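Each of the next two complexes has chain A plus one other chain: chain B in the first, chain C in the second.
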Partner chain A sequence: MIEAVNVSKQFDKIKAVDQITATIREGNVFGLVGTNGAGKSTFLRMLSGILKPDSGSIKIDGMDVYENIKAKELFFYISDDQYFFSNATPKDLKTYYQIAYSGFDGGRFDNLMKQFELDQHRKINTFSKGMKKQVSIICGICANTKYIFCDETFDGLDPVMRQAVKSIFAKEITERNMTPVIASHNLRELEDICDHVGLLHKGGILFSKDLFDMKLSIHKVQCVFQNEVDINQVFENIELLKTEKRGSLYTITARGTSEEITKRIAMSNPVFSEVLPLTLEEIFISETEVVGYDIKKLIL
Partner chain B sequence: MIIIDYKDRRPIYEQIVERFQDLILKGVLEVDSQLPSVRNLAMDLSINPNTIQRAYAELERKGYIYSVKGRGSFISNNDHLIQCKKDEIFQSITKLMKEAHDLGITKEEFMNKVNEGFKEGMKDD
Partner chain C sequence: MTSKSLFFKILIEDLKRRIWTIVLASIVFFLYFPILGTLMIGNYNQNIYDLKEYKERLLDRILGFMGPQDYMVAAITVIGAVICGLSGFFYLHSKKKVDFYHSLPVRREVLFGVSYINGVLIYIIPYIANIIVYSIILQLNGLMNTEMFTTTLSAIGINILFYILIYTVVIIAVMLTGNFVISVFGTGVFFLYGPMLMMLKEIYYLSFFKTYYTQVNTFSEMFTFLSPIGSYVDVASRVGVNDQGIGRSILITILVIILFIAFALFLYKKRPSEAASKAMAFSISKPVIKFLLVIPLSLGGGIIFREITDRSSNGWFIFGLLFALIFVYAVIEVIYNFDIRSAFNHKKHLLICGIIIAVVACIFKFDVFHYDTYIPKKDSIRSVSVSISGLDEFTQYHDWELINGSYLNYMNSQNYQLEFMKLTDIDAAYDMAISGIKNIDVTENDAKYLYYNVKFHLKSGREISRSYQLKTSESYGMLSDIYGNQEFKEGHYPIYKSDINLITEISCYNRLQNKQITLNQNEKKELIDMFKEELSKLTLEEISNASPAAVLSLQMYNINENYNIYPSFEKTIAFLKSHGFDAENKVEAKNIKQITIQNYRTGVTKGYDIMYKDADFSYSQVENGYIDSDGTLRTVTYDNTKDAEKIEEIFPDLVDNDYYWRNQSVIDVEDSIGVEVVIRKDEFGNEGRYSYQFRKGAIPDFVKEAIELETSN
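Our next item is the complex of A and B:
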């Protein structure tokens, strides 16, 4: 389990991460989403002990991570801007990681390199960006660590590779309970693979919830009523995040289970009504809108 | 066997549950045959194994499958489930009849349509 308690980090006057508290449980796939500059990468870099938090604590399986080799053996960090030793080949990387990670599976590395059709003897700096990502991912999987931190890792891969990597991840999760922490903007993709999602905004965590619960607890409603109604009265005790009215058609984003909402609507003689779960993308937009991150403002 | 519709708004696990229910009720998956393991299905679909675990748990709760420790999940005897499904259909007919009555459709018209529908349906079989 990874526990971050009240973690803050400041670069000069910029508060990159502000009092984040989060728990990442084993066997879960944790998705880290957030607006640009929300502090996702900074948070991941603190989790991996590259940066020292100004205040607060980060514990991996009960151990402080900063400058602690024992804790660092528990995870593999795939950074967004990748660094390889100059003139290094994948074979050199293998030798290097075998020193760093006692559980590194060299045979698996050779196999995967072959399957991904990557030449082990070619210099990494001659590889394309996507191929470099593939090399990092293969290293990460072969390191056999309990946790794997991916900073926008899937974003540089082509659709076939994504599918392949996701399948490998699925295998690792079932076979050895690997726990990936994935930061990404591709919400559609996170939706397919994550159990738990943490939403960051301006350095703080807006929420950290089970994706399944989240989808059940927020809905989009479209309805038309026979008579003129007071919408706030119809949805008494239900929090409305957004209400729009076009003609007689209401489009509402509401917090509540589908049963609750359907029940309230049914009481007010609807001509037509539909309750739909939100996609992660819509949840993201409506939650950040509440705290003042509005697309309309950005477009105008 | 299982296809996920990414345009569908419903959660993936719900789609998996529904698809399996369909396959089981139609008899495509036979009683006591084994379901794909969580790992294999997760790898095939490239999705989170926990999602599949959740779908299997739901299927088990509803009585469609049973699990044997260390061996996997199997299709249960589904006679009573088919009966439930039949009851559901009859219930929706009752509701449909009421709606038809409200619109002024007579019993004869309704029955004629039902007979027509049956003929159409039989042709396909």
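Our next item is the complex of A and C:
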């Protein structure tokens, strides 16, 4: 488990990360979302022990991460602009990582390189941006660490590769309980892979919630009633996050289980009612509007 | 994986990444040692007509080539250290690379150790490998011997030692900065800061303090002060030449290296990863470095403006200080922030710098600490040394250790005298110092001055040196007292300390004869003791008024000690006569063929008129009286065939020009009158042409008339 408690980091006069507290459970895929400059990369660099927090603490499996080799052996960090030795080939990289990570699986590396149709003997600086990302991910997977930290890793991958990588991640999570922490500014990218999402904005964390819980506890309902009704009365004891009315059609975003909401509507004999699934983006918009942010300005 | 095997595996991986530096070092050393060295031997083989001499010469050359004094290898060492230091830790300037290395489960000590050791190996391996190759070539050519081997080993030791020192200094510069250009700048600062400070101190003392004593070897001391390159050159130049204190220097260097490595590692561990691409890696070091640069550079700016103006203008000095302060401060702030709008950030710092600079400038300008007028209390002085300019400046000085069996270390006369003279009877020297202080601001254009340095050796162990000037007319009495002090002579003339075993050759000469004298050890001792006894009785009056009969020249390996033999040195003269040199056979009127006297003043006075009218005559031609072809310089020639009587009258009042220049503080001459004397040396017609001067006020009337002296004055 990774625990960040009141972590802050300032660069000169700019607060990059401000009092972030978050818990990342094992076996979960933790998505770190936020706009550019929200502090995602800084937070990940602190998780990786590259940066020392100005205040607060970050512990990986109970160990402080900064300058702690035991803690660093537990993760592999893929930065948004991964460094490769000049003139190095993927094979050189494999050799180096085999030295640095005792659990590095060279055979798996060879297989994945073949699977992704990447030439191990070609110089990495001749690879495209997406190919370099693939090499980084393969290295990260083959390092066999408990955690893998990815900063904008899916950015630059084509849709097919993205799915391929996601499926490899899923396999690793299933087989060896790998815990990825993925930072991205793109919600859609994380929707089908993340279990838990933390939203960063201007260095602070707006919230950190379980995606499944969020999906179960918030719903969008469209309904038409026979007569004019007091909508607050209809949804008594249910928190309404957003209500819109166009003609006689109500579109309501409410917090509560699907059963509770359906039951409340049924009690008012609607002409028509339908509970619609919410996308991650819609959930975020609703949740952040609740805490006073205009999310449309923050994320895609 | 054990940490040891991890270390070596990463070491090898890191080495793979730095192939270019290995290749570069290998090529440079290969071209230098096996190639250039073999070319040297090749040249030798083409000139085999005198095999023995050439072999000796070639061996000497190769010894220099392989030895620690080969400055080409020193240059390669310095450049190599800078390249390896910068390239080995350059990744710290890149966020991308720092993220990569610092996220790895590898301890920072290991990362540091790997880069550090590889940087050393990159230099050492190609260097030693090529030295071995060249040594084999030397062996095959029959040029390898024990001396060559030990010299090579000492060169390897010194070069590696200072490579590591300079390399570590470069690494510290990289650690403290976050940008390549700033690292290079920082390296330059580390190399030059000490010498720059010393130079600044020297210029300020020279500019503001009239009694500041400038040591002759100040430049080398300046260069070596807190400078790794300066220390390198200093130690390398002393190995095998002057080994005194070399072990201590090497030991200190090793200790400094250990401290620097520890400091570099400390910085590496403490260095925040976010420092990459910033100007300075540590916020805490920013103001310190700023102050350390702004203050001396501003003071330097002030003094430059002061010195380049005609009259050492105070206005320009203040302008220079302010301009340099603002400019340097702004540049440093802009560099720190990479933003020109930040030029005047932290105005408080600017103000503090300004105050410190103003205080320092005032201390020098107004001599706040009374540097010029300070003289230690008499009862605090253990002894005094006095070095006089223009008093018997004939001999060469050296210290006592014979180096390599063939070389004595040359010493400057002032350094020798101030170091070895210990006047315990300090009254006369003290009075001279007080008179010097009283006359600090007195300068008369036409007066003749005595320039002297005084060094006070205090009981506390402190030493204080000052330079003074005093009119010769006022100083003569005190100087005469000092000269009469046996301790003065023992510090002034090295013969009192010289070891007769060092004397390799004795000769005597004057204008008429030159003879090498062969003496056994007892005779040598007898002569030297006799000479010292008579020298001890020599008075300043005799130096001023007499002309020496001959010169006693003692060759001590590379050093020549020369002493005048005065007519009063009767025992010495008699001893020399008994060994074949007759000092009484000296130049007299009968030996003179011709005397030519020129009045420079007429040349100058009338020459100016010509110069103004005719641009072809330069000022220097006029000043030097070269205009006599035009008839404007009054010249008179007396020839032995018709003016023998006049020559007899003139010659006793003449002073040999060489003798005058060596004793100009105690001899007064008519310096606007030039005298050239043609001396007949022997019956075979050999002649010599020498310059002489008239003693002050001793020009005969007929000469004055002939050269229009009265009218020209």
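The working rule: the second predicted complex is superposed on the first by the 284 of 300 C-alpha atoms of A that agree within 3 Å, B and C clash if a C-alpha of one lies under 4 Å from a C-alpha of the other, contacts with A are read in each partner's own complex, and residues count from 1 in each chain.
Keep this in mind: contacts are C-beta pairs under 8 Å (C-beta built on N, C-alpha and C of every residue); 3 or more make two chains touch, one makes a residue touch a chain.
These numbers were taken from a predicted model, which means no experiment stands behind them.
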Aligned on chain A, chain B and chain C: do they clash or fit?
-> fit
Between chain B and chain C, as viewed from the CA centre of chain A after superposition, lies an angle in degrees, nearest 10, of 160
If you stack the two complexes on chain A, which partner ends up touching A:52: first (chain B), second (chain C), both, or neither?
-> second
For A:258, select first, second, both or neither according to whether it touches chain B, chain C, the two together, or no partner.
-> neither
Tell me which partner A:163 touches in the superposition: chain B (first), chain C (second), both or neither.
-> first
Counting only touches as set out at the top, which of chain B and chain C does A:212 meet: first, second, both, neither?
-> first
Could you tell me if A:95 is touching chain B, chain C, both of them or neither one (first, second, both, neither)?
-> second
Contacts of A:11 with chain B and chain C, given as first, second, both or neither = second
So, does A:273 touch the first partner chain B, the second partner chain C, both, or neither?
-> neither
Report for A:77: first if it touches chain B alone, second if chain C alone, otherwise both or neither.
-> second
Where chain B and chain C come nearest after superposition, their Cα distance in Å = 27
Using the touch definition up top, name the residues of chain A that touch chain B in the complex.
-> 27-29, 162-164, 166-167, 170-171, 173-175, 188, 192-195, 212, 215, 276-277, 279
Can you check the complex and tell me which residues of chain B touch chain A?
-> 6, 9-13, 38-39, 42-44, 46-51, 54
Interface with chain C, chain A side, in the complex: residues 11, 45, 48-52, 67, 69, 72-73, 77, 79, 81-83, 85-86, 92, 95-96, 99-102
Chain A touches which residues of chain C in the complex?
-> 1, 6, 9-10, 13, 16-17, 94, 96-100, 102-108, 269, 272-274
